[in-house]
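So, here come the structures, one by one.
Two complexes, one shared chain (chain A), two partners (chain B, chain C).
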Partner chain A sequence: MPKISRYLTALLGVTGCIGLLVTGEINPVMAAGGLAIIPGYYRVLRGREAAPAWVIGAASLLTLGVFAFDSIVSGDVFLAVAHLTITFQAIKSYDLKEPWDHLQVYFMSLLQMVIGSEMSQSVVFGVVFVLFLVSLVAAMVFAHFVKEGRGAHIRLARPIVVISLLSVTVTSAFFVVLPRSSYTFLGKSHTKGIRTTGFSDRVDFGSFGEIKRDSTVVMRVELDPDIPAPYYWRGMSLDYFDGTEWRNSSPRQSRIEKSGDEYVLNPHGRSGLVEQKIYLEPIDSDAIFGLTEIMGIRVDSFSARSDSGGAVFLSRKSSRRVNYSVLSEVRDDYPGVASPRYLQLPRGMERIRELARTVTSLGRSDGEKARMIERYLKRNYSYSLEPSPPVRGRGLIEDFLFYGRKGFCEHFATSMVLMLRAVGIPARIVNGYCGGEKNQYGGYLIVRQSDAHSWVEALIGGQWRRFDPTPAVAAPQIPSLALFLDSLKMAWARYVVGFKTDDQKAILRALSSLLASPSFPAVGWKRLRMYGLLITLIGIALASALLLLRGVKAGRHGFASRKYLAMRKLIGVRGRRAGATTPGEVMRMSQGSSVEEEIREFLGMYVEDRFGKRPMMPSERKRYGLLLKSIRTGLKKRRG
Partner chain B sequence: MNNNMINPFIKQLKEQINSVIRGKESAVKMAIVALLGRGNLLIEDVPGVGKTTLASALARATDCSFQRIQFTSDLMPSDIIGVSIFNHDTREFEFKPGPVFCNIVLADEINRTNPKTQSALLEAMNEKRVTVEKKTFRLPEPFMVIATQNPMEYHGTFPLPESQLDRFMLHIKLGYPEAEYEKMAVLGGPSFLILDKTDPVVSRQDILRMQAEADGVMVDDSLVDYMMEIVSRTRKDDRIRLGVSTRGAQFLLYAVRALAYYEGRQFAVPDDVKELSPLVLGHRIILKTAKFTADAERIVREIVEEVPVPV
Partner chain C sequence: MKQRTITREGKRFLVAAFLIAVAAVNTGNNLIYLMLSLMLSFLLLSEVLLNINMKDLSLEVFHPAPLFASEEAVVTVVLRNNKRRIVTYSVSCMPSGALRPAYFVKVGPRGKEEQDVGVLFPQRGLYRHGHFPLRSGYPFILLAKTRRIAVEGSVLVYPALRDVSGIIGEGGSGRADAARRSESGDDMYALREFRHGDDWRKIHWKASARTGELYVKEYAEYESEKVTIVLDNLLPEGGALFEKAVSLAASLARYFIENGCFVRVVSSGKIISFGKGEEHLFTILDILAVIREEETWGSPAQDGRDGFFITVMKSRRHSNPYAATGEAVYAEDL
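Our next item is the complex of A and B:
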C-alpha cells in the first residue's frame, strides 16, 4: 500500500479510539491497553513488517477472553464491545498487510463512532466526529483513486476538500430535514447519570454536603418569557420522616393524560404561562423539574406519571439527556388538599413541639405562624456544609436545633416541616434546585448540582405555600470564559442534539412568513437568528463547494478540451479506460461508423487547437458545436 | 485526423524503402523516425527477415554512406573506429578511419562480440566522435547506428548491458513478413540486386534540414507531463526492477518530435507518445521475473494503458 494510505488508516484508527476515549466511559485499564496502537502505527508508518501471525492470533484470543469476562463481570455488553473495539484497533495496527485490513480498520472506527455517539453528547465528541468524517472521506477517495489507477500524489487535495465540504454540507442539511426524537443517533446516551441522592424516593442526610460542593451542570433552561429570580425548580416532595430520613408514604403514581403533544396536569389557558425549555443532563432519577405550578409538559416520552406529592416522572430510568418544555403558572402558592400524612411526626418530638409552640405563640393565623418559624430558623441558625456530627442518642434534628445550630438546607427544611406539623399545620419537604446563574452569552440559565436545595411547602387556607428557612449563601463567581464555553455546549445541545420536529416547523414557518410579509417579528427573533445563521452557513458551504468544483473543471480544461470530452462521451468512450484513450484511438474506434467523417474533422481540429496551440477563431468555435450536433444526430439516426 | 500535409521528402523516402523491403511499413517508419530524431536503432530478430536490407535501403535512399560491420567474437575496437599507421613517406602516424566513419553503420549481431568492442562502437554513436591517441575525429553527419541482435542464440554471445541498451533510441522487431509479401520477396530475387537499382530520393542535406525542423516541433507541456508520468510509473511498478532513466525520457521526447514531424505535424499529440513509449522505453527496463524484452515491451504497453491522457 502507498504511504498516504497508511497515514490515513493510522489517522482513522486513532480517531476512532479517541472518539471512544473522550466519552470518559472507557475503563482506564482498557484505555491504557489501547495505547499499544501508538507504537503499532509508528511501526506501520516506518514501513515495518506486520507482527508474526501467532502473536496476532494469541492476542486476539486473549482479547476475546477478556471480552467475555468483561461483558459478564460488568454486565454491560455495550461497554464491553467498546473495550473490544479499542483492543482490536490496537492489535490490527500490528497486522496491516492487505487492503482488506485497512478496510477493517475503517469499519472498526465507524463502529467506534457509533458507540461513542451513544455514550457522549459533548462538543468534543462532535469535533472528533467531524475529523473522522473528513479522514474517512479522504481514505475512500484515495482508495478510489488507487483503484482507478490515477496519479496518487498531486490531484488528491482538491477532491478531498470538495467532498468533505459537500459531506459536511449534506450532513447539516440532513440535520434540518430529518426529524429526530430526543433519543436518536447523537442524542442517545449510555452515560451513567449524575448522582443525585436527593431525588431518589428517599432522602438521607449523609451525602447532601457532597452534592452541594459539586459544580456539575445539571440542567440548562431557556425561559420564555424571561422572569426574574428566585427560581425554585421543584422536583419531588416527601411526606414521611422517620427521624433520620425522608420518604414518600404513598409511592403510587398515576398516568398523566396526553393531549396533542402535551401531557396536561391542569387544564389551562394559553396566556400567562411561562415556558421553560429544559435540557436536563443525564441524572439517576426520572423525576423532572419545573417552576410551580406545572400545568403541562411537552416531551417525547411514552408516558408521564405523577404522584400525590405533585412530582412528575417520565417513563425512563434516565441515564439519558432529555429535553422537555414545562408550562407553568408561576406563583408561590397553589391549591392542595389536606391529608393526615402531612401531619405525621416521628416519636420523641416533645422538645421540638415545645420550641415550635414558643416560636409561634404570638402568631394569630397559620400563615403568620409559618412565617415566624421561617424567620426564627433563618435568624438563629447558621448555614454550614459540615455540621458537627450528632451526638449518639440524640435525634438528628434535635441535635441541629438545640446543640449544633449549624446545618444545610435539609436540616433547615426538615426542622421547619416538623415544627409546622407540631403546631398542626400540614407541611411537606420539597427537593429540587434553587436558583441558576444567567449566562449572558446564550441568554439561558445554568443550574448546577450545587444548586440542589430543599425547601418547605405548607398547606395554609387550602393552598400550598412555599417557605424557605435556609439562610442565603453567597454564590461563587464563575469566570466568564467558563460561561462562554458553557454557551457552546448549550448551543450543541440545543441545535444539534435537541433538534426536533417543531424546530423544523419553526424554520419553515419563519421562512414562509418571511416570504409572506415584510414584517414578521411574530416569530421568535432569537430562534430565527440562529436558524438564519445555520442556513446561511450551509448556503456558503454549498456555494463554495460548487465554485470550487466549477473552478476545478474550468481551470483544467480549455474550450477545445471540453468539447472533446463531450464528444468522447457522446460516442460512448467512457468508463475506466476512457482516461487513457488518445484521440487517435477514438478515431479508430469510430471507423466504419456513419459519423466517421465528422469525428475525423472534429479530432483534427481538436488536436490542432489543443496541442498545436493554434489561435481559435469564433467561426471555429461554432464549427465544434456544429460537428457535435451532427455527430449526435448521426448517432441517433443509427440507433433509431 | 491525419489530414496534415505529409512532407514530400518523407513520402518519397518512405515509398522508396518500402519498395525494397515490402510489408514492413511500421519498421520503416520507425527507422526514419530514428534517423530524424538523431537516434540509433536496435533491431532484434531472427536472421533472414530483412534487417540488413532495411538498413541498406535506408542508406541507399538517403544518399548516405553505408558500412556494415559483422560483429564476431574476435573483432577488435580498432576494426571499428580505425587505426593509426606509420607512414614511411611522411614519417608520421596517419589515422586510417574505420568503418564507423560513415553515415549509416549497420552493426550486425552486435551481441556476438566482446564488451570492449561493443563499447567502442557505443561510445562513438553516443558522442558522434571518435578519439584516437588524443586526436578527436568527428563522425560524419547524419550519423546513425543500426544494430541487430539475434534473440535466439545465447551460445557465445555477450548480451548488451543495460547501460549500452540505453543508448539506442528505438528498439524494434521485424518479424516474418505476411504471406503475400513473403512470397513476393521469395520470388523477387536477392535483395542486393534490388538495392543496386535503388536510387537516392533525398540528399544528406535534406536529412540534416529535416532533423533541424523536427527539433522545432511543439510539444505541449501537458504532453511532457504525460511522458514523465509514464516514465515515473515504470519506476514504481511492482513487476519492474529497474525503471526508465532520464536519458530514456529524453529520447522519448526526441522520438515524439520526430514522429510528429514524420506525420507532417508541427506539434506532437498524445498518440505519438502512446505509440512510441513501448518502443522507446521497453528495452530500458529490467523486469523482476521475465528475461525477454518482448515482456518488457508488453508491460510498458500495459502501463501506458493506465496513464490518463491529457485532454
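Our next item is the complex of A and C:
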C-alpha cells in the first residue's frame, strides 16, 4: 500500500474513534483497549509487518468477551457496541495486509460516525463529520487507484479538493430534500439529557442551588417580535409544600387539542402574540418552556399534554433536542381558579404567619399585600448560592427568614408563597428559567442552567399574577468569542440537528416564490446576515482549497527550483512565456542591474543543482537563500 | 454503448446505506440523516463524475512494428481527452489482441497520453479495430463503467514465421547458399532509387551525390538466384493445415530473401513477381496475410525462367500443377 493510503487509513480510523469520544458518553475503562490504536498506526506508518494471525484472533476473542461483559453490566448494548468498535479499530491497525483491510477500516469508521450521531448532537461532532467526509473522499479516491495497482506517485490534491467540495454540496442538498420522520419507532434515543431538577412532580427544596452554578446552555430562543426583558420562561408550577419538598398535588394531565399543526391551549388570533422559536437542549424532563400566557404550541410530537398548573408536556420517548414554537400573549397575569390546595401550609408556621401579618398589616388589598411581601423579601434578605445550613429541628424557611437571611430564588419564592398563604392569598411556586443573554451574532437569547429560577404566582382578583421576590443579581459578562461560538452552535442546532419538515416546506415555498416573483424579493436584515455568514463560510472553504492547491503546486518543485521561480518572478518574468525562459535569458535580462553579480551567482548555483546533478550542500542552500533575499532587497531599493 | 457495474465494495456500501436509511427513518435523528446524505452523495457523485470522466474521449492505436500471428508484439494506444477543462483520470482500455489493458492514470484537458501494450494475435489476417472497451471506476471504488469506443483503422497480422532451415531440402538450401555467396553477381545493368531493405553496400555513391537522392545498383538476375514459392491454396478447405502452409510459405520467403535470392510467390489467382529485399518480403507478407483458398488454379504454367521451385502443399493428398516441379514441403509434416 502506498504511504498516503496508510496515512489516510490511520486518519479515518482515528477520526471514527474521535467521532465517538466527542459524544462524551464513552466509558474510558471499557474503551481503554482503543489506546492501542496509537502504536498500531505508528507501526503501519513505519511500514512494519502485520501482527501474527493468532495474536489478532486472541485479541478479537478477548474483545468480544469484554463486549459481553460490558453489555450485561452497563445494560446498554448500544454503548457497548460503541466501545467494541473502538477496540476493533485498534486491533485492525495491527492487521492491515490487503487493500480490503483498509476498506474495512473505512466501513468501521462509518459505523462509528453513525453510532456517534445517535449519541451526540454537539457542533463538535459536525467538525468531526467534515473531517471524516474529506478523509473518506481522499481515502476512497486513493483506494480506487490502489485497486488499479497505481497507488503511488499520483498527484490527486486538486481532484480531492474538488470532489470534497462537491460532496459537501451534494450532501447538503440531500440533507435538505430527504423526507423526514421526526418520530422514533423502535428503540430509544441514546442522547443523554442535561440533568436538571425542578421540572418534575416532586422537587426537593434547595435543589436549584446546584443547578445555578452550571453554565450549560439549556435553550436558545428567537423572539418574533423582539420584546424587552424580563423574560420568565415558565415551566411547571407546584402547589404542595411539606417543609422539605414541593409537590404537584394534582398531577393529572389532559391532552391538548391539535388544530392544524398547532396544539391550542387557548383560542387566539394571530395579532398581539409573541412567537418564541425555542431550541431546547436535551434535558431529563418532558416539560417545555415559554413566556406566560402560552396560547398555542407548534411542535413535532405525537401529542402534548397540560396539567392544572398550566405546565405543558410533550410526549417524547427520547431525550433529544426539541425545537418548537410557542405563541404567547405576554403579560404578568392571566385568569385562574381558586382552590384550597393553593392555601396549603405545612406544620409549624406560626412565626412565619406572624411575620406575614406584620409585613402586610398596612395592606388594604390582596394585591397590595402581595407587593409588600415581595418588597420586604427583596429589601431585607440577601442573595447567596451558599446559604448556611439550617440548624437541626428548625424549618428550612424559618431558618432563612429569621436566622440565615441569605438564600437563592427557591428560598425567596417559597417564603413568599407561604407568607401569602398565611394571609389567605392563594399562591403557588413556579419553576422555570428567567432571563437569558442576547447574542448579537445570531440575534437570539441564550438561556443557561444558571438561569433556572423560581418565582411566585398569586391568585388575586381571579387572575394569576406573577411576583418575583428574589433580589436582582448582576449577570456575568460573556466574552464576544464565546458568544460567536455559541452562535455557531445555534446554527448547527437550528439548521442541522433541528432541521424538520416545516423547514423543507419553507425552503420550497421560498424557492417557488423566488421563481414566481418578477423581481428579486426583499430580504430582511436577519436573513441577509445569515446569507452573509453562509457566503463567508463558502468563501473560507474556497480560499482554503485554493491555498491548498497553491501549496501543492509549489510542492512540485524542489528547493532550488522554487527559489529560482521566485527570483524569476522578481525580475519580471511572468505569464505564459515564463516557462520558456531559460536561465541564460534571465541573466541577460538582469544585465546592468545593481544586483547583477548576485543574480549571476544565484543562477550558477541553480544550474549546477538542477542540471549538474550535484545537489546543494546545507551551507550552499543557506547562501542560495541569502542571495535571493539580497536580490529582492536590491530590486526593491531600485524601484523605491 | 455504456455498461455500468456495481463493484463488490459498492454493493457493501449500498447495503450500509440501506441500513443507515432504516436507522434514520426509525430514529428521526437528523445527524443520521446527515450520514445517509453523505452516503447518497458518494453514490450520486460516483455516477456523475464517472460519466464526466469518460465523456469526450477518443482512442487511436498505432503499431510501431509489424505484427505476426502467435508472436507477442507491442502496440501503442493513444487516449485523447477532448474535454476543454476537465482532466480524465484512471481509464483502462483493452485493444483487440492485447495481453493486458492499457491503463491511463491521467489525461489532461485537450491532451493525450500514450501507452505501449503487448498484443498477441493467434491468427493472421486483417483485423478491424472496431469498438474497444474503455473502462473506469473513478473517482471512488463503488461503480465501474465500460464504454465501447470506436477506433478507426485496422491491423494486418502477418502469418507466423518459423525457422525453415531444417525443412527445406538440399536443392533449396543449396540455392540459398549460392545466392548468399554470389552477392547477386557483378553484372550491373541499371540504377534505381533506394528502397527500404536494400543493402547499403549497393548504393551508387556517385549517382547519389550527383542527384542528391540515394541510388542503388541493380544487378542482372541470375537464374541461379531465382526462387519460386508455390503455395497450394486450392480447395478443398485445409483449415489448420492451410494456415500452416501459409506460415510455411511466408517463412520460406523470408529465408530466401534474407539469403539474397529473388523470390516469387505463386498461388491460385495471385502471383507476386520476382523481387528481393525487405520491402519485397513485406509485399509477399501483405498478400499472404489475407490469402484464402480458391476453387481453381488461375495462375500461368511454369516457364524456363522461373528458377528454383519449392511448392508448399497442405498435405500429400492434395494435388497442384506445380507439385511435380522442384521441391515440395508439406504443412502436415510440421
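The rule is simple: the second predicted complex is superposed on the first by the 485 of 640 C-alpha atoms of A that agree within 3 Å, B and C clash if a C-alpha of one lies under 4 Å from a C-alpha of the other, contacts with A are read in each partner's own complex, and residues count from 1 in each chain.
The rule we apply is simple: a contact is a pair of C-beta atoms (placed from the backbone, for glycine too) under 8 Å apart; a residue touches a chain by one contact, two chains touch by 3 or more.
What you are looking at is a predicted structure, and each value in this text was computed from that prediction instead of being measured.
Contacts of A:273 after superposition on the shared chain: neither chain B nor chain C is touched.
Touch criterion met: A:612 reaches chain B, while chain C stays clear of it. When the two structures are aligned on the shared chain, A:141 is found in touch with chain C, with no touch to chain B. Taking chain B and chain C in turn and counting the residues of chain A each one touches, the greater count comes from C.
Within the superposed three-chain model, A:585 lies in touch with chain B and out of touch with chain C [touch as defined at top].
Of the two partner chains placed by superposition, only chain B is touched by A:604; chain C is not.
Contacts of A:66 after superposition on the shared chain: neither chain B nor chain C is touched. Where the contact sets of chain A with chain B and with chain C meet, they give residues 149-150. Partner chain C is touched in their complex by these residues of chain A: 103, 107, 110-111, 113-114, 117-118, 120-121, 125, 129, 133, 136, 140-141, 143-145, 147-150, 154, 159, 163, 166-167, 170-175, 178, 180-187, 189, 318, 320, 496-499. The touching residues of chain C, counted against chain A in their complex, run 9, 12, 16, 20, 23-42, 44-45, 49, 87, 89-90, 92, 103, 105-106, 137-142. Those residues of chain B whose C-beta lies close enough to touch chain A in the complex are 1, 3, 218, 220, 223, 229, 265-271, 274-275, 304-309, 311.
The touching residues of chain A, when paired with chain B in their complex, are 149-151, 557, 561, 564-565, 577, 579-585, 587, 600, 603-604, 607-608, 610-613.
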